[in-house]
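After this come two complexes, each holding chain A, first together with chain B and then together with chain C.
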Partner chain A sequence: MLEVNNLMVFFENALALNGLSLEVREGEIVGLIGSNSAGKTTLMNTVSGLIIDMKIKEMRKGGQRITVYGNIIYDGEDITETAPNQRVKKGIVLSRERHPIFPESSVMENFKIAGYLRSKTEVRETMDFVFTLFPPLVKLKNRKAGFLSGGEQQMLAIGRAMVVRPKLLLLDEPLLGLSPLMQKAVVDAIVNLNRESGITVLLSEQFARPVLPMVDRAYVVENGMLTLSGTGPELMNNPEIKAAYFGV
Partner chain B sequence: MFIGTTIYALINTAILALMAIGFNLTFGISGIANFAYGALYVLAAYGVWMMLNLLHLPYLIAVVAAVILNLILGALIYRFVLIRVRGQGISEVIATFGIGLAVLEMFSYFGWVGFEYTLPVLIDRSYIIAGTYVDMQRIIILVFSIFLILGLWFFTHHTSIGLAFRGIAQDERTALTFGIDSDWIATLSISLGAGLAALAALFIIPLGSISPGEGYDVLIKALAVCIIGGLGSTGGVVMASFIVGFAERFTDTYIGSHWTMIVSLAAILIVLIVKPSGLFGKQKELEERI
Partner chain C sequence: MKKRKERIDRGIKVRSTDIFALSSWREMIYLALPRLLPIVGCLMLPIVLGVYWQKVLLSVAVFALLAISWDILAQTGMVSLGQALFFGVGAYCAGVLNHYWGVSPFITIPVAAIAGGLICTLFLLPVLRLRGIYFSMVTLIIPIMLVRIIEATKIFGGTEGLSGMTPLPSKWVEIYLIMGVLLTVLFCFRRMLDSDYGLVLKGISDNDRSVINAGINIYWFKVQSLFIAGSIGAFSGAFMTHVYMFVGMPVFVLDYSILPIAAAVVGGPGTLAGATLGAFLLVPMSEALRGFGGLRIVLYGVFLVVFIVALPEGIFHYIQRKYHQFERWVEVEK
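Moving on to the complex of A and B:
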């Protein structure tokens, strides 16, 4: 479904991704494990196309030069140069790092804004579905999103992405800053989405422990390069992984 | 005298809100302070005047054409000028102010000033309300402003483009992840702001006359209202219009007309000292904007 070939991304002369290649097959949950500044967000932004927008805006104001080499194939089509909103239309949807919800809008309005490409009925249907996935959100429907807790905001962010009806859902550190209990709720929901709705998922995370049990396969990225890859169980038993990514 | 002053203060409030709402909308959505706003206001007024007096077109056609022309002009300003300096506040201000200056000074150069340069009132009638003489045009302005603000509220909360406006205003990059195109929305925001400037001119100019000075005046009033209310906040525009609108009229009646200007300037200074982000400004992070 998604094939990333030899991706290199420069911010000015700093190399954020260094010849990274990976593949996500239809129906899989794939993990991307890497510590801080390993290049996870850069990869997510490059696959979702946000980097094209960043590049154009930096160029217009004479800011930093962003250069992308390599290519991205999605459903057999080269989308390396495709604009982010076109990629959204093709079903690639990113939930950004640190769950940036629209703080001044209510939970319901967050869904409505996310439903830009969808009809009102479709938005309502997805919203009802998301409420079964994350029951705590029901009571918070009319609350300003900025007043939700971190965990609630993360549920909203993932649920909100569902409104777009993704085929490939990119989740950038969906577990960041959540309590273990909340992490479990989010992990369960992601697995549920994958099983029940057949959504393919690529998610990133700093630690291996919470994600390895749920993924079909995972890649480990360090300094913008892949260092390891394998199925969940394979990586679970890998001593290097245990040493570096199991945290405390 | 009190009731009469109150009635005129309400009308003054409506006029101020009408002048500021377009400038505020553009800023609230795309963060662009459109300093060509006053020029767009005057341009629409001269446009209608020319269509009426030189081309002898019917009023309705002239005003619809002027609003559409302003919508297009706003979009062109974004596409050809602002798009290249996006995100650099100072360059945006210089570019739009430059455009505004060029337009206004061109009309000055042609010497298009005088009482003959005005627009017709919509309905030529007047009433005595509670002992106060009020003309129909001012009543229409009051009613229209209320409907316009309610309409804008509905637009930004219940239509897909309006909701996209709110999304872009809050977090542009996240809005992109839902397929919202930020350049398209910014184009629309300036275009709509310019259209609102034209509408304001059509309603307000009949109370006076068209002149380049009017362009600077409208820009300054819009800025004052937005600074007091908190740039980008519709609630702030309404609130600030009330404050300045009432302060001006009551000063005029009870203290003296030469003090009115001082009062609004004092209001700006006080707000800037006490709460630099304006009454409804962003500093209080979770305030509703747009």
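Moving on to the complex of A and C:
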């Protein structure tokens, strides 16, 4: 479904991704494990196309020059140069790091903004599905998103990405700053949405422990390069992973 | 083989950032040139230029001061649309002192600068807690309000204004006074923005809550920044009062609010030097375009738009980057 070939991204002279290649097959949950500054967010931004927007903005104001090499193939089509909004129409939806919600709008309004591309009935259906995935959100429908707790904001963020009806859902650190209990709820929800609506998921995370049991396959990223890959159980039993990413 | 453009510091920049700067003339000139250029330029220009352009130079310097004052406020997170308030209050302070009590310009100008700064700070004290567009709106409205108050109550000469101010002794005193002040303000406040104090001000515009968390009362710092910016603006107003020998309602005109912003944006906000450079480009250009009559504003507007679209970082940032860094093509390994 998604194929990333030999991706290199430079932020001015700093190399963020160094020849990274990976593959996501239809219906899978793929994990991307890596520590800080490994290049997870850069990969997410590149796949979702946000980096094209960043590049133009930086170029205009004479800031950092961003260079991207390599290509991204989605459903057999090269989308390396496709604009981010076009990629959303093709079905690639990113939920960015750190609760990317509209803090001044209510929960319902947040969903409605996200569902701009879809018809009203579709949005209502998906919203019902999202509310079954995240029951706590039902009570908070009319509250301003900025006043939700961290976990609720993350649920809202994933829900918002859902309302766009993605084929490939990119989740950038969905468990960031959540308690173990909340993490479990979010993980369960991600597994649920993958099982029930068949959405392919690519998610990145720093800690391997909550993520590895749920994923079909996972890649380990270090300094912009892939160091390990394998199925969830394989990586679970890998001593290096245990030492580095289990956070014991 | 794939290539990409690399941007790195010039060798001379790296060498001249520490004590090795003293090792050769080339490094010393590299360091001194950007500082000497504006000083020599400002001091030489009045001698070189004719009478008409000397007058233009006065208003260039005034707009440069207003642009610096706007930039300092913008650095503190307060985007002002009312530089005319500072200008006008300073102008009226000097005018009233000179007209009613006959105080000499050498006393009225500094007094008006300080008092004008204080009065502007008092005016804006209630809206200090507002951020963004709300603060801008209030600063835009106050000068317009003051004009109407003067018109309605006929204080300070009403619509006719006050005339017959004492002029400054000679045109050379005039021009070197404003040039001296411009250079002092430019270099001192640039130094201030680089100091720890300036970092606090910049921090307020970046993330005010984090500044509060550092145990700093941001409102007190905002008041100080407002006073500094107000004083600079009030000084230029007081100075112009004595140059025109007149003060009246036109001192609150919108030009004094808009042109400084344009100058700061074209020159490059955040550096003060950019604001000055912008004023030195825009004001003479608007004078030079006078030959086009009605089309002048159109051409001026087109120039501004082209500039903002093509070079949004501002001229100063661009020149600075080219001065310190160079670019070359390098091969991407793999």
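Definition applied: the second predicted complex is superposed on the first by the 248 of 248 C-alpha atoms of A that agree within 3 Å, B and C clash if a C-alpha of one lies under 4 Å from a C-alpha of the other, contacts with A are read in each partner's own complex, and residues count from 1 in each chain.
As a convention for this text, a residue touches a chain if its C-beta (ideal position, glycine included) is under 8 Å from a C-beta of that chain, and two chains touch if they have at least 3 such contacts.
Predicted, not measured: the structure shown is a model, and the values here were computed from it.
Superposition of the two structures on chain A leads chain B and chain C into a clash. In the superposed pair of complexes, A:116 makes contact with chain B only, with no contact to chain C. Shared-chain residue A:60: touches chain B and chain C both. Judged by the touch definition given at the top, the superposed model places A:50 against chain B, while chain C stays out of reach. In the superposed pair of complexes, A:19 makes contact with chain C only, with no contact to chain B.
Contacts of A:100 after superposition: chain B is touched, whereas chain C is not reached. Put chain B and chain C next to each other and count what each touches on chain A; the higher total goes to B. In the superposition on chain A, contact of A:129 is made with neither chain B nor chain C.
When the two structures are aligned on the shared chain, A:147 is found in touch with chain B, with no touch to chain C.
Legend: residue contacts after superposition of the two complexes on their common chain; A:88 is shown touching chain B, with no touch to chain C.
Under the contact criterion defined above, the residues of chain A that touch both chain B in one complex and chain C in the other are 60-61.
Interface residues of chain C, counted against chain A in their complex, comprise 2, 4-8, 311-313, 317-318, 321, 332, 334. Within the complex, the chain A residues that touch chain B are 48, 50, 53-54, 57, 60-61, 83-85, 88-89, 93-96, 100-105, 109, 112-117, 144, 146-147, 161, 163-164.
The touching residues of chain B, when paired with chain A in their complex, are 83-88, 157, 160, 163-164, 166-167, 170-171, 173-182, 285-289. Chain A contributes residues 6, 8, 10, 12-13, 18-19, 60-63, 65, 67, 69 to its touches with chain C in the complex.
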